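In the two assemblies presented below, subunit A is common to both, partnered first by subunit B and then by subunit C.
Showing the complex of A and B:
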């Protein structure tokens, strides 16, 4: 296709609101954080320049190793459970008559806030709670690593499945009907129809859902914060929780900022590599 | 039919905890016992529990602010993001992919990282503890998602639609407003729901950037109460407050389910 001719003088004006909002309210704070990561700062006295000392500390901090491992567990688990199951539910229900009603049970938990989530599940997972009673075991679901991260991942799946399903359904409903009809006439159905016709067609929206889940899972914070605060000890911390704790609990703004910079770079790199492949 | 059976079984598993939530939120506050949480209670005390929560936290005015934020910010965010997506893929903005990366890049920052700089910046700019400040930050956080989804969506729309509208002499703005926006209703609605829910349930921005009851969002107001559960608020009271404050989101979901259920065939024109 040839490049379209001059399409209106306002093209830069059209992206400006989005670019400005993002630049002023998201990028500028990051630059400030990046500066703080090179200082020692307790939030009260003036930041004191320390160069790369905070980053050197990152390398020999055992807590950081734990939170990196937990974060990777969150990324892998999120792809498998909320995203994978979400795709399954969407594919099973999108062209059923009344399919929307089958999805209602999955959408309800998404309405619940993080604090509400903790309120529902903490009693369920407690030692005399429903999970132990129902399974006939006595597991300390939120105590030992990595069981506590896995338990929280299941809670997270309970909450997030619906939203992934919703996005996949939008993708499925926006794909053209003709190729599917044609493939059906040719005798394709079930798995073959999905694998060879539907899946390639829904790729743009799949890219969105997986991309969002990738970024969100790297930044996992809320669920861990409301369920365990990263504990017991520090064994269920994610990178985002470590960053928050170092900054707001330990008042070590410099080191907290260094963790923030690390997390941002990792997330940015992952999204860039992913988007370059999937979206361009 | 296997598909329906799988959906029903999974759905029932998902409803289990929802059932627990409703049963225990409706239980009289004093009669809660974690080991008997499955059993429904004879007395229905949901409203009494919620009234207790209302008394402990000043929720009325917070609810009004939250409603304002969760409607205005996603509306702005969706339109601004869609316009950016449209400009990048349909108007073929030069270096469009890099503009897209710049805007979508906004999502890589962990929101906890933004708190200290925003607090300092807002205090200097006179935006601290104002509704305008809250609307701005919520809009900024939501623009990247809208731009991402709508950019991909418009990429799937046949370019001939745009060319035909150009032939008829429509301006690029008019084509965006009258053709592309209406075309993408289901994607816009999906993004709106996500952003509405995000803002409605937001805790940390409200915690950091507001202080008065008029400006403070409802979840922040509730949070004190909820975390008090361990320190004395009975579980049913906390659950009832969480449940009632989630109702607007549930209603929104159910309302839009019908929109999605109608099976809008979009993007394939």
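Showing the complex of A and C:
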């Protein structure tokens, strides 16, 4: 096959604008952040090279331990609630007559942005809010750890459940009917049918849903920032909130960048390991 | 091949030219200045000042108000490195001002200060807050004295009067608590330091000053006692829930708590809610915890209005700052917000605020620099987080003090 002569001559020219945009907007900031993570920098004076000092500090910083614990709680909670419940709602409703209508209410909160969601739920979960009144309790939902992280996870579930359900329904609808019918003829039903036939057939879509949820939960920021600002103290911080606070509140751009690099490596590694296992 | 590379370079050159903009910035003559600030709620008042300045000195002013101080500070710092520069901006005195002055970003205002002091528009007492290396930078955007705002109707209902001693204040709190009214406002976010500085100033102001300069430790017995006193008040149930996000202005208006301790600028929140001084609310100076102290300690703050050394039109910025200090400008700035002024010539409409300004000027009080300005930024960040933890879990006070001291040790090891 011969190459189109014009394309051959100008091929770099065609690619250059897009490549430049990617380089300027994605690669350059990442490299700059990676460089800053090896410096002491207050955002004003010139960055001062400190080698791996920021990364060494990561190891003995109690605040980082708290935010790592909270981030892991977000990851586990997200898998269990928005993803797990999403799958359950999808499986229970997709065969039902009028199942679509049943799923609509779950979808509606998805229209809210993360910040909007947090603004709406903050007063509900506050000390004298609706949640305490309705439940007849006196719980500091947004103050005590880990209750505050769990409360925010429930809010997150309220929003994310619908979209996960929708994706799983699409998955269920797209799997071929024949193997299911064959399994039914062989006497499989209920949990056994799901576990041994439906679940394996849905695997490609589950990989995507879980992969997206994994990344989203690792970088949880907006909902926490608006609802608790990572507090009281630092007890509800996630890695992304620690990154923001160290950089922009404490003006420790070097250490904030080190947290950013850590978060990038953890997210990249988790996604890689997960997808490598799933997409074989 | 050569043509292909030339085409690539051509595209790159065009893109770079488009991105580069006007490299050699030419000095402009401005008729309207931008004023960036972290007081988004005050936009209306800044707008009124802009209209007045346009009329008086031919220089308009347009405010851009942020409500998140971290975002605001990051923007201002970033602007030092870009062409998007504010003509005027608000900042903080103390370590934060020193930090940006050392980077040679702030325009000197020594001449403005000298003229203003000569004309009686600024008090020399304020000068130290604006002096770095013997020169002045910025002018006072506002000054504030801290005290206690109280809901007058609740006080009247329970037969209470502004307390003259610390014991009276605690008795008033006990009376209110007994009647089912929460005595004091409390928060775990940003203003978590308020009761710490107030108790420090009222128990041992010298220790407070030493703490601010690294000559004392957060783990010293005097500081521990302050935390224990604070805990005692929390344990007695005198504070509202620190996680409550109700705006403190609304807390006062609705009587959710009977007393809110803030700077005189909080009067602006009262003005915005149509509350009347004397009938709806009042203000008193918080008595010292330690009655043996020679003078009542009053927390003082002054927020600067600055211009950049590399401003687009330095002359216009300087002209604006000079006008800002005049009695004409300050009269408007103070009266529209119902606040006190840095200009001694300005008459304060509010009786209680007028009195504290007069008393402070006559040396009746020991003025103590607000914790926010007195504490170096890295220690402040750790302390705000620490006090946020403490107000939620008062039993943690010793760990909190140790955590803050760890940050202080690190800071003072390189900054003494």
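The rule is short, and it goes like this: the second predicted complex is superposed on the first by the 252 of 280 C-alpha atoms of A that agree within 3 Å, B and C clash if a C-alpha of one lies under 4 Å from a C-alpha of the other, contacts with A are read in each partner's own complex, and residues count from 1 in each chain.
Criterion: a contact is a pair of C-beta atoms (placed from the backbone, for glycine too) under 8 Å apart; a residue touches a chain by one contact, two chains touch by 3 or more.
This one's a predicted model, so the numbers in the text were calculated from it and none came from an experiment.
J.: Just to be sure I read the superposition right, which of the two partners does A:137 touch: subunit B = first, subunit C = second, or both, or neither?
T.: Neither partner.
J.: So, A:59: does it touch subunit B (first), subunit C (second), both, or neither?
T.: Neither subunit B nor subunit C is touched by A:59.
J.: Would you sort A:233 into first (subunit B), second (subunit C), both or neither based on which partner it touches?
T.: In the superposition, A:233 touches subunit C alone.
J.: Output check: A:219 vs subunit B and subunit C. Expected answer is one of first, second, both, neither. What do you get?
T.: Touch partner of A:219: subunit B, not subunit C.
J.: Does subunit C touch more residues of subunit A than subunit B does, or is it the other way round?
T.: Tallying touched residues of subunit A, the top partner is B.
J.: Between subunit B (first) and subunit C (second), which does A:128 come into contact with in this model arrangement: first, second, both, or neither?
T.: In the superposition, A:128 touches subunit B and subunit C alike.
J.: Contacts for A:185 in the overlay, against subunit B (first) and subunit C (second): which applies, first, second, both or neither?
T.: neither
J.: Scan A:11 for contacts with subunit B and subunit C and give back first, second, both or neither.
T.: Both subunit B and subunit C are touched by A:11.
J.: In the superposed arrangement, which partner chain does A:110 touch: subunit B (first), subunit C (second), both, or neither?
T.: So A:110 only meets subunit B here.
J.: Which holds for A:45: it touches subunit B only (first), subunit C only (second), both, or neither?
T.: The second partner, subunit C, only.
J.: For subunit A, which residues lie in the overlap of the subunit B contacts and the subunit C contacts?
T.: 8, 10-12, 17, 43, 123, 126, 128, 247-248
J.: Which residues of subunit C touch subunit A in the complex?
T.: By the definition above, subunit C touches subunit A via 3-5, 7-8, 10-12, 15, 70-71, 73-74, 77-78, 80, 99-100, 103, 105, 188-189, 241-245, 377-378, 381, 385-386, 388-393, 400, 403.
J.: Which part of subunit A faces subunit C closely enough to touch in the complex?
T.: 8-13, 16-17, 20, 42-45, 62, 122-123, 126-128, 140, 142-144, 229, 231-235, 245, 247-252
J.: Mind pulling up the subunit B residues that touch subunit A in the complex?
T.: 3-4, 6-8, 10-12, 14-15, 17-18, 20-21, 24, 34-35, 37-38, 80-81, 83-84, 86-88, 91-93, 97, 99-118, 120-121, 136-137, 139-141, 143-145, 147-149, 152-153, 155-156, 159, 171-173, 176, 186-187, 190, 193-194, 197, 200-201, 203, 219, 222-223, 226-227, 229, 235, 238-239, 242-243, 245-247, 249-250, 253-254, 257-258, 260-261, 263-268
J.: For the complex, give me every residue of subunit A touching subunit B.
T.: For this pair, the touching residues of subunit A are 1, 3-4, 7-8, 10-12, 14-15, 17-19, 21-30, 32-33, 36, 43, 85, 89, 92-93, 95-96, 98-116, 118-121, 123-124, 126, 128-130, 133, 158, 161, 163, 166-167, 169-170, 173-177, 204-205, 207-208, 211-212, 215, 219, 221-222, 240, 243-244, 247-248, 253, 257, 260, 263-264, 267-268, 271-272, 275, 279-280.
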